[in-house]
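Both complexes below contain subunit A, partnered by subunit B and then by subunit C.
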Partner chain A sequence: MSEIWQGLVKAIELIVTLDPEVMGIAGRSLAISVTATLFAGVICLPLGSLIHFNRFIGKRTLINLIQTFYSIPTVVVGLFVFLLFSRAGPLGGLNLLFTPTVMIIGQAMLITPVLLGLTISALSGVDKAIPETARSLGASDFQAVVVVLREARFAVIAAILLAFGRAISEVGLALMVGGNIRGFTRVFTTAISLETSKGDIELAIALGIILILIALIINIVLNRLQQR
Partner chain B sequence: MKNKIVSYLALLVLIGLLLGAAGCRASLRMATTTSLYDTGLWGYLEPMFEKKYNVALDILSLGSGAAFEYGQRGDVDVLTIHDKPNEEKFVADGYGIQRVPFAYNYFLIVGPATDPAGIKGLSPEDAFKKLMTTGKGTFVSRGDNSGTQSKEKAIWQAAGFDYEVVRKAGAWYIESGQGMGQTLQMASQKLAYTLTDMGTYLSYKSKSKLELVPVVDKGDILLNVYSVIAVNPQKVTTAKNLDMANNLISFLTSPEIQKLIGNYGVKEYGLQLFVPCAGAEPK
Partner chain C sequence: MPLIETVELCQKYDGRDILRNINLKVERGEVLALIGPTGAGKTTLLRLLDLLEMPSSGKIYFEGRDATQSKKVGFQMRKRMAFVIQKPIVFNASIYDNIACGLRWRGAEKSSLRQKVSTILEMIDLSAHQHRNARTLSGGEAQRVAIARAIVIEPEVLLLDEPTANLDPLSAAKIEELITSIIHQYGTTIVMATHDMSQGQRLANRIGVLINGEILQTGDPREVFTLPMSREVAEFVSTDNIIDGIIVSGEGGMVSVDIGGSKIIEAISGYPVGEEVSVCVRPENITLTLSKTTSSARNSFLGQITGVVSMGPLSRIEMDCGFRLVALVTRRSAEELALEKGKQVYATFKATAVHILRRN
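Then we have the complex of A and B:
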């Protein structure tokens, strides 16, 4: 127990003194995972709407498939992205392996199924009468979609939060494709894993606590935003 | 409020893209064995190298097995490792240019002070024989194709056992599949023996409560040589940083850096972690 307590003290110390190493890791983690979430969002929100508002053969199967990929292990995505971007791989010429860019790509791939599936669920949760009413009041198809999206915004934001949480908290992919390079691709999770293996348990705990604090702040901000 | 959040998000994305653009900076990629990294040696030497050659040194801390794999794929330009038989194979197969030893220390077998298998003071080979025949102690192996595990296999072989037989010998033989630090921690928790390099053991022991003491620390087979190998661009066509890799080799073997390596950690641990041996195999 004393280790956890010392970790807490150390966390406060690192935050108060704005430790440059820790602030760098925090900024990098946030930038990578926020960017990945935004990219995934830009793809998933329209694509999810497209799937939800259209009837086609195999829709149920497609949704089942998307939901299956909710549980894809991060290391499997990591291995796939690694092989894709390794210098010996098909996209090796881009020279992106072990850079933040490839971590963003990997995290976006990782969270796409969750975000897509939950967007579809969120839209399904909206009362069917709402788009019909909008249309009867003279709304175009596009406007009706916007109305439904607005109705589903709480559930969509929850989906985005969950996807962001999965992105910033995963370690397997970040380690495999980022390589945990100090000052370049080292993020919270890989730093915690490294400090633990070095025996710096206090620093590892402190980093974990800071990660949770950041998640708390993001949640508060988004909740505020929802209530507007 | 909304606008503010949007601008924060935009800023973060911008930083993300900048970080991505930074991927194009001049850098040398090196895969290193975990023991050179976890002891803090690379953290100490990295800024000096970066300053001297004005290049970013990207360090990937891995087991030696993974380091060879990354080298063969051309994902790194240079390796610092400790696995002599596989290093020689790596060079013989044309993937590496030359094996340049730069420091050494010794492996040791650590275990609980109670020494349940009674192997204290034996030779490494006899200690392993006793572990195998009495079954009275637990042994945690790295099980990750690291240089340390390669050494463990060599000791089993010298003791006259087939490693595949040892692996299946019983519940007393555990494979952690993790780095040296975690493996030490596991051995400590399970009151087990393990083979470790001196550097990681000392640095880990000073930071965290390890209930492990040195049990076997004498024997020629325990010699642990660290070397540096540049990846050969003629064989691995995707490696393209040979000049800078050669700079790293000259850096590590320079008298000035050799002296720093020899002194590293002496004050902190009261013992020499690494003995410098620029370019030559220790006796």
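Then we have the complex of A and C:
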């Protein structure tokens, strides 16, 4: 028990003194996951609008499929990305395996289904009369889509935050394709897992606390949005 | 050239006829009310006029140009109009931004946009609340914002779908006032749908009666209300006192209509003897007295009151005169005559108050 307590005290010390190792990992984690979320967002918002606003055969099935991938295990995505970028894989020539870049690609792939699916349901939640009203006031089809996206903005932001939460908290993919290289691809989750197995509890706890703090901030922002 | 003209316009949804052969002309600056019961196709017609949907057949000409030829032309035409749909929908944004959106989509300059929006805000009496989220508005206020949002773009045609439906009388009166001031200030061409006949009468200078997807009659409000051309229109504009009969004699424009039970109604009409007709008498043109009068009115029937319904300042008296007859009298005279169920009264109306319709 005292070991945990000591670990906790030490961990807070590491955070308060802005320990370079801890801060480096935190910064890298945030950079990778924020970038991955941005990429996924750039893909999912237009794609989600496209799916929502167009009628086509198999739309329902497609949406079901997207929703199925919400809970895809991170290690499965990790395996897929690993095979894709390993030396013998189709994209092996790019030499990206065990770099932050491939981690960003992997995390973006991981959260795309969630972000896409939630974007579509956010848009479906908007009154059908909204785009119609916009068009009747002289909006072009594109302007009407923008109006609907703006109406759904809180739900869309919530979707983005949830996706970011999934990206920053996953460990399997980061470990498999990032390799947990110190100072290069080591992020919160991989560091915690490694330090714990090494017995270096205080660093693990410090990183865990920061990770929980980030989750807390996301939650507060989400709650604020939902109350509006 | 009319501003808008529709030629043989038809619309079908899933093989069901919603509109049939609509031929309508709207002149610049006129206020046309489309009246008709719910489900008659008024909304569909407005949506077609706004090019929000394409007709299954027929054409819509906007200043002589076929607006149905392509989506692009339709969009160009739609930009010159504004349509206020029935359910007031406001965007989840401030009142100011709601009103400004149409101008922004048209790429309006910032300073002129601000000036136009504030003018309209004053007109709808919501200047003080312009930064409030429009979602917090009441139904009547939201409808005012919806109308303001439409007229701020100074459309050539304003389409209004049941602008006062689902509003309380006070809010409805405010909306009508707003529409009246739009007509006076902007001279906008307006096509409005309403199921409220009196609203059509108050606001419009021409009325089109749309029943079951067909325009059955157009004309100035007085004409439509006093001289309906068919039984359907008559039933809609005055649901009371449509009595079937046959013309049994006629001389010098005066005819006698046998309505059965050896009752004869005298009326002014040019229809020949033997013609099967319907007799329409507006309830407000019937006078009730307790004893037989010696007035010049040609038609007088003794009847028994079967019901008295108070309608604010008026009372609606239902009678059995051998046929059913309904009269509207002021509440005061109903009280003076002590009209009540079971009482015998004389119902009297002039031959000129009778409108004769030919039955098909």
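Criterion: the second predicted complex is superposed on the first by the 206 of 228 C-alpha atoms of A that agree within 3 Å, B and C clash if a C-alpha of one lies under 4 Å from a C-alpha of the other, contacts with A are read in each partner's own complex, and residues count from 1 in each chain.
Assume a contact is a pair of C-beta atoms (placed from the backbone, for glycine too) under 8 Å apart; a residue touches a chain by one contact, two chains touch by 3 or more.
Computed from a predicted model, the values in this text were never measured in an experiment.
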Check your understanding: Will subunit C clash with subunit B on subunit A after the two structures are superposed, or do they fit?
Key -> fit
Exercise for review: In the three-chain superposition, say which chain, subunit B or subunit C, touches more residues of subunit A.
Suggested key: B
Practice item. Could you tell me the angle at the CA centre of subunit A between the CA centres of subunit B and subunit C, given to the nearest 10 degrees? Key: 160
Check your understanding: So, does A:A134 touch the first partner subunit B, the second partner subunit C, both, or neither?
Key -> second
Exercise for review: Determine, under the contact definition given at the top, whether A:L38 touches first (subunit B), second (subunit C), both, or neither.
Suggested key: first
Point to revise | First, second, both or neither for A:R87, with subunit B first and subunit C second | key: first
Point to revise | Contacts of A:L97 with subunit B and subunit C, given as first, second, both or neither | key: first
Review point. Of the partners subunit B and subunit C, which touch A:V147 in the superposed model: first, second, both, neither?
Key: second
Review point. Touch check for A:R28: first (subunit B), second (subunit C), both, or neither?
Key: first
Practice item. Once the two structures sit on chain A together, report how near the CA atoms of subunit B get to those of subunit C, whole Å. Key: 17
Revision key, fill the gap. Contacts of subunit A common to subunit B and subunit C in the A-superposed view none
Point to revise | subunit A residues touching subunit B - in the complex, by the definition given at the top | key: 27-28, 30-32, 34-35, 38, 86-88, 92, 95-101, 104, 179-182, 184, 194, 196-201, 221, 224-225, 228
Check your understanding: Which residues, counting only subunit C, touch subunit A once they are in their complex?
Key -> 50, 52, 75, 78-79, 81-85, 87, 89, 91-93, 101-102, 105-106, 146, 149-150, 153, 159
Check your understanding: Quick one: in the complex, what on subunit B touches subunit A?
Key -> 1-2, 5, 9, 12-13, 15-17, 19-20, 22-24, 29, 34, 38, 40, 43, 46, 56, 58-61, 73-75, 178-182, 185, 203-204, 206-208, 238-239
Check your understanding: Considering the complex alone, what residue numbers of subunit A touch subunit C?
Key -> 127, 129-130, 132-140, 143, 147, 150-151
